[in-house]
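So, here's a batch of structures to check.
In the two complexes below, chain A is the common chain; its partner is chain B in one and chain C in the other.
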Partner chain A sequence: MQTSTLILVLLALSAVAYQLGRGRALQLVGGPRRRRDLHSLPAYYGLLTAVWCGLPALVVVAGWQLLDDRILTALVVDEMPAGTRALPPGELSLVLNDVRNLVAGNVAAESVTPAVAAAAQRWRRLDALGHLGASGLTLAVALAGGWLAWRRITPRLPARNHVERIAERVLLGCSLIAILTTIGIVLSVLWESIQFFRLVPVSEFVFGTQWSPQLAIRADQVGSSGAFGAVPLFAGTLLISAIAMLIAVPVGLFAAIYLAEYASRRFRTLAKPVLEVLAGIPTVVYGFFAALTVAPLLRLTGERLGLEVAAESALAAGLVMGIMIIPFVSSLADDMITAVPQSLRDGSYGLGATRSETIRRVVLRAALPGIVGGVLLAISRAVGETMIVVMAAGLSANLTANPLEAVTTVTVQIVTLLVGDQEFDSPKTLAAFALGLVLFLVTLALNIVALQVVRRYREQYE
Partner chain B sequence: MDLERQQQRQTVGDITVPDPVICCRGVNVRYGDKPAIRDVSLDIAHHEVIAMIGPSGCGKSTLLRCLNRLNDTIPGAVVTGTITLDGQDIYDRQQDVVQLRARVGMVFQKPNPFPKSVYENVAYGPRIHGLAAGRAELDEIVQTSLQRAGLWDEVKDRLNQPGTALSGGQQQRLCIARTIAVSPEVILMDEPCSALDPIATARIEDLIDELRQNFTICIVTHSMQQAARVSQRTAYFHLGDLIEVGPTERIFTNPRHRLTEDYLTGRFG
Partner chain C sequence: MNRPELQTVAASQQRVRERVGRSLRRRYRAERRFRACGLGAVLAGVLAVGGLFVSIVSTGYSVFWQTRITLDIQFVPEAVRAGDFTALVRAALRQQFPEVEGRQDLRQLYGLISDGAGYELRDRVAAEPGLSGTTAAIALLAADDVDQLRKGRSDRHAPEAERIISDRQLAWLDELDRRQRIHRQFNREFFTAGDSREPEQAGIRGALVGSFLTLLVTLLLSFPIGVAAAVYLEEFAPRNRLTDLIEVNINNLAAVPSIVFGLLGLAVFIQFFGVPRSAPLAGGLVLTLMTLPTIIIASRAAIRAVPPSIREAALGMGASPLQMVAHHVLPLALPGMLTGAIIGMARALGESAPLLMIGMVAFIADVPAGALSPATVLPVQVFLWADSPEPAFLERTSGAIIVLLVFLLLMNAAAVILRQKFERRW
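Moving on to the complex of A and B:
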């Protein structure tokens, strides 16, 4: 049975179990009129039965999905000729790949060795058997679980409390999935980074000023030294983020002040969604806006002024990134400003302060921690932004503070290092993970600090 | 019946005083379409404490907020009639609202110290109005204001700590110090003790009595005992009308209007 069919069958079984459980509860006390003799509402008995029917069976399905490939492989390898089994792991996995390809029908049966063909035969048979067994086991578990729960129903069974506990577990499970996924990602990045740092010393990566990840394939190849000093990347990221923040913070903040303090209600309801549309534009669109519109414009302007502007300049990327971040800053700052209690404004007006004095000296002062938190979040956004810089910032790892030159960023390099066919044991590929780790650590630190600041501020007025 | 009710709503008692500092005549306020107070006329004398009492929603806070034009900040609020301060119409087109609010200070229901230090809270008004020529003069103003508010001894060692770190009663006295730092003529108090415990309330009431030497005080209160303790004159409001006004002692011992009597004896409110 297909897994999807199996799940549909499980759902149907659970629905039946619900009806049966509910019916039994009512029947035990003698009909709906006497349902007050039950500990819980009849629906809870139904729910409990349905959960016992569906949930353990679902666990079996999930377990099978996770394990079947491994079990099959082990069984197939077990039956292979002794010579094949004795192969080193790398070659064995090649043979197994052939088997899998044959099973999937990707290669013709004539083109493989008889041993592989035999293994594929076995694989198919075992797979069919496994599926049948797993389906049978699942249905058996479902029926057994449902039946046990149904049997246990008595008028005094606190079904309501049981359901409550199950609900809590399910919620806990969901949050664990999110947390475990994060940990998994971190660990995998960490693992590859450690591989990288075995090949390239940490000090060279963190302090080296030369970035040239192309490795020589032949001994006489020129210009492929394989230097992994990431300082130019950090500097480029910093430069572009700084330009972006120079645009986004003042514009976003002032827009927020206008919207929160001065704008009429009509203008506000009109302007706020429009401003937030900016946040909804895909970054790749910003990317070609930067590369095709802003960069040439800057170059042209630069020429008029007698300045040398690179076709892909840090300035163009930074400007557009700043525009992208404006709504982010403004909507956070707007929230913070609106959260400042009216009583503080009244207090200031009551002392004869004007509106701008009140905003400058009282409102912004009160909202400052929240605004700082928002700006930190925006910075972490700018540091991690990829698409705009890939399209507009360029690839050359220049160590420069001149915004008119082309620079490259951490994210751009990760993309270029991993695009195309790559081997996963060369420092060039592994460098991407080390860069990812750095990026992750920086944004994590920024986010933690920012959230801390924002939270402390929120508590102050609630 | 209607006519009788109309007559009943006419203000009882003497609304005028000799040499008033504030003079309200025929004041009407509405928020959008909702009338808040109707045709209120009332004088407020120099150096008196006048208490405004009445059930919730009777318009006493609304009248108070007219006196320093704080209603201007509420969208949809419309004020008609005349209110004069020292003979000058405060709703006049020429009137500088900022100047007016420096002359008519306000203390609010909930203590609302700014998120600044104790010192900066008090220095805020003098700073924005440029009342002090130098740091020494500003220090002087801050100290006298805190002393007059009876807070100096408690905070003189922690002037640089945030004002929000003080206790509720201290915060309210800080707000009073902040208000008197700009030397207003009139101080409006909108239920200044409703968020405070009885001991802090007693301190504020003593303070109000002392402040009467230098300021005119209008206090809105829900506590009839408080009105009786701190004020010389009392005005009773009911559903947007000024029902009765007179010397506090007379109002409390011998109310002339039936509504006032009902309220004071606790028949409603």
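Moving on to the complex of A and C:
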């Protein structure tokens, strides 16, 4: 049975269980007139039966869906000839791919070895068997659960309390997904990174200044030394982020100050949404804008001034990234500035300070922790930004501080290493996960510090 | 009183006044400078928005028209039966310019019409079998270089060596123009075709359907889960270590770079759970994890905005906590939650970096049939076209961006309307 049909059947069964449970509760007390004798509303008895019918069965379905591929693979590999099983993991996965392709009908049966054909045969048989077994098990669990719940119904059964306890558990489960996601991120990048650091020492990765992840296929190949020194990537990321922050912080901060302290109501209602539009534009659009408009413009300007500007200069990517971050900085700074109590301003005005003096010496100083937190969050944004740099920054790892040259970043390298075919045993693919680990740790540290600072600041004035 | 003393007091007052006056002038100048800086910053932001839109719209607006060349096609029954429609197109071109001879010249002549013209004719005949054996004037898709030239995107006065269109082709085009055989019409194919290697045949249908399927998966998963998590955290959670941990996690996940979610999707969903690569299901799962924090945070704010008096009234009438939430708090908080969900979906629609990791970046010409078939999404289509060397793809890229921005605009407008119409101030 298809999974979708199975789920539909389960839903139908639950609906029937609801009716049965409700009916039984009413029948036990002798009809709807005497429903006051029940502990809970009749619907709760129905719900309880339906939940016991549907929920455990859904867990079975989900478990089967998640694991069937792995179980099948293990079983098929187990029955393969010893010679095939002894193959290194890379080649074994190639064989398994052949099997899968054959099962899916992507290749003709004549084009594969007999062993693969036999394995595919076994795969098909096991798959059909597994599907049948899983469907049967699911239905059995559903019927058993529903029947047990139905049998337990008595007029004194606190059905509402049961249902509510289950509902609360489900709600808790949903909020636990946040933790599971974090664990998933950490495990997935950590696991592959550990594999990577088995092949490449940590010290080379962190301190090496040569980055050229293409492995040489032939010994005499040029430019494919397979070096994994990530310093040029860190430097490139820092350079581009620094340019972006040089644009975004002053512009965003001044814009927030002007809109919060000076602008008339009308001007604010006009200008604020326009700035917020910048926050809603997809990053791929910024990337295209950088490559299409900004980079050629900078190149042209550079030529006029007699400067050599690379086509994929760090300046273009940083500039556009700065534009992207402006609304982020300005809306956070706006929050922080408006949170400063009016009494501080009034005190400053009373001493004869002008508006700008009040803003600079009183408001900004009071809002400083919050603004610093916001800037830290913005930096973490800039470091993790991907599409702009993929489209507008370079690919080759240059160790330079010149913003007119092309540099590459951590995110660009992750994308270039992982787009296309991946082999999970080559250091090239694993390197992407090591870079991801660094990226995750750096942004996590920035976020935690920033959120702490912002929270403490908010508490100060609330 | 003696006068000299008075005079010195007056003089010192005068001096003080002058000093204050001077410093006041300086301070007012500083005030004006500061203010101008602020205004300049706002204007710089507005200018950036303007520059972005102008550059995208000016390169992309022309994608909505496409050049077509009308030719008299003789539907020779033998060729129709053999399916050789390209030959029909070529014959019609030769008929326009009987004087052209030689392989080189003929190839240039054939180059005026898109390679896809044969397929257009095939579909036409399939729809109208009666055409076979007749002659009909049919507007055929022009090649991308011709289209770009007609739209003024490539300079016809440039020296021939720098042009893709040769002098001879230019002359033929001018002649066709004189015979009124070149037209521009609305580019329907841009919305009905899948991706293609040929710019003039490439459309966004596949990417639109892919985006729709991906967002559908995202919405179906993230909205119920997000609302449930928000309800738990706001209404039921005891204050303990676990709930603190959940809160910290949600806030952190909201700021984790999107590409890290792509790594998670690759390692967990595709490697471990065996979800098919490039499928909207995989993309939807990744985007669900990404949008969950947004939806949870917005839903919590909406729940918090429901005044406690309503909860107390419900509890006072004997409702259980779950009944209170389901019957009273949730309906009142729903508009706010929906607004948050729409904003989260808008962000998911524009997201592309994590989808590159899970293989939604492959060239896929077919329109995806379901959540498990390979697909790409609109922003990734933009990325793919932006990488293409043909100049005609520039226009397609900007056109796709315009469509993407229109969708985002509609979604955000829906969120604003929803908020204004249903949000209650208590």
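The rule we apply is simple: the second predicted complex is superposed on the first by the 325 of 462 C-alpha atoms of A that agree within 3 Å, B and C clash if a C-alpha of one lies under 4 Å from a C-alpha of the other, contacts with A are read in each partner's own complex, and residues count from 1 in each chain.
One rule holds for everything that comes next: a contact is a pair of C-beta atoms (placed from the backbone, for glycine too) under 8 Å apart; a residue touches a chain by one contact, two chains touch by 3 or more.
It should be emphasised that the depicted structure is a prediction, and the values quoted were computed from it without experimental measurement.
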Query: Which holds for A:V362: it touches chain B only (first), chain C only (second), both, or neither?
result: first
Message: Just to be sure I read the superposition right, which of the two partners does A:G287 touch: chain B = first, chain C = second, or both, or neither?
response: second
Query: Is A:G302 touching the first partner chain B, the second partner chain C, both, or neither of them?
result: neither
Message: For A:I177 in the superposed arrangement: first (chain B), second (chain C), both or neither?
response: second
- request: Give one of first, second, both or neither to describe whether A:G130 is in contact with chain B, with chain C, with both, or with none.
  value: neither
Message: So in the superposed three-chain picture, is A:R345 touching just chain B, just chain C, both, or none of them (first/second/both/neither)?
response: first
Statement: So the chain A residues that chain B and chain C both touch are 354, 357
Query: Which residues, counting only chain B, touch chain A once they are in their complex?
result: 68, 70, 73, 75, 98-102, 105-106, 108, 110, 112-116, 124-125, 128-129, 164, 175, 178-179, 182
- prompt: For the complex, which residues does chain A have touching chain C?
  reply: 66, 69-70, 160, 163-164, 167-168, 170-172, 174-179, 181-182, 184-185, 187-189, 191-192, 250-255, 257-259, 261-263, 271, 274-275, 277-278, 280-289, 291-293, 323, 326-327, 330, 354-357, 359-360, 377, 380-381, 383-387, 390-391, 411, 414-415, 418-419, 422, 424, 432-433, 436, 439-440, 443-444, 447-448, 450-451
- request: In the complex, go through chain A and note every residue touching chain B.
  value: 265, 341, 343-354, 357, 361-362, 365-366, 460
- request: Could you please specify the touching residues of chain C with respect to chain A in the complex?
  value: 27-28, 30-31, 34-35, 37-42, 44-46, 48-49, 51-52, 55-56, 59, 224-226, 228-229, 231-233, 236-237, 243, 245-246, 248-253, 255-264, 266-268, 271, 273-274, 289, 292-293, 296, 320-322, 346, 349-353, 356-357, 361, 379-380, 382-383, 386, 394, 397-398, 401, 404-405, 408, 412
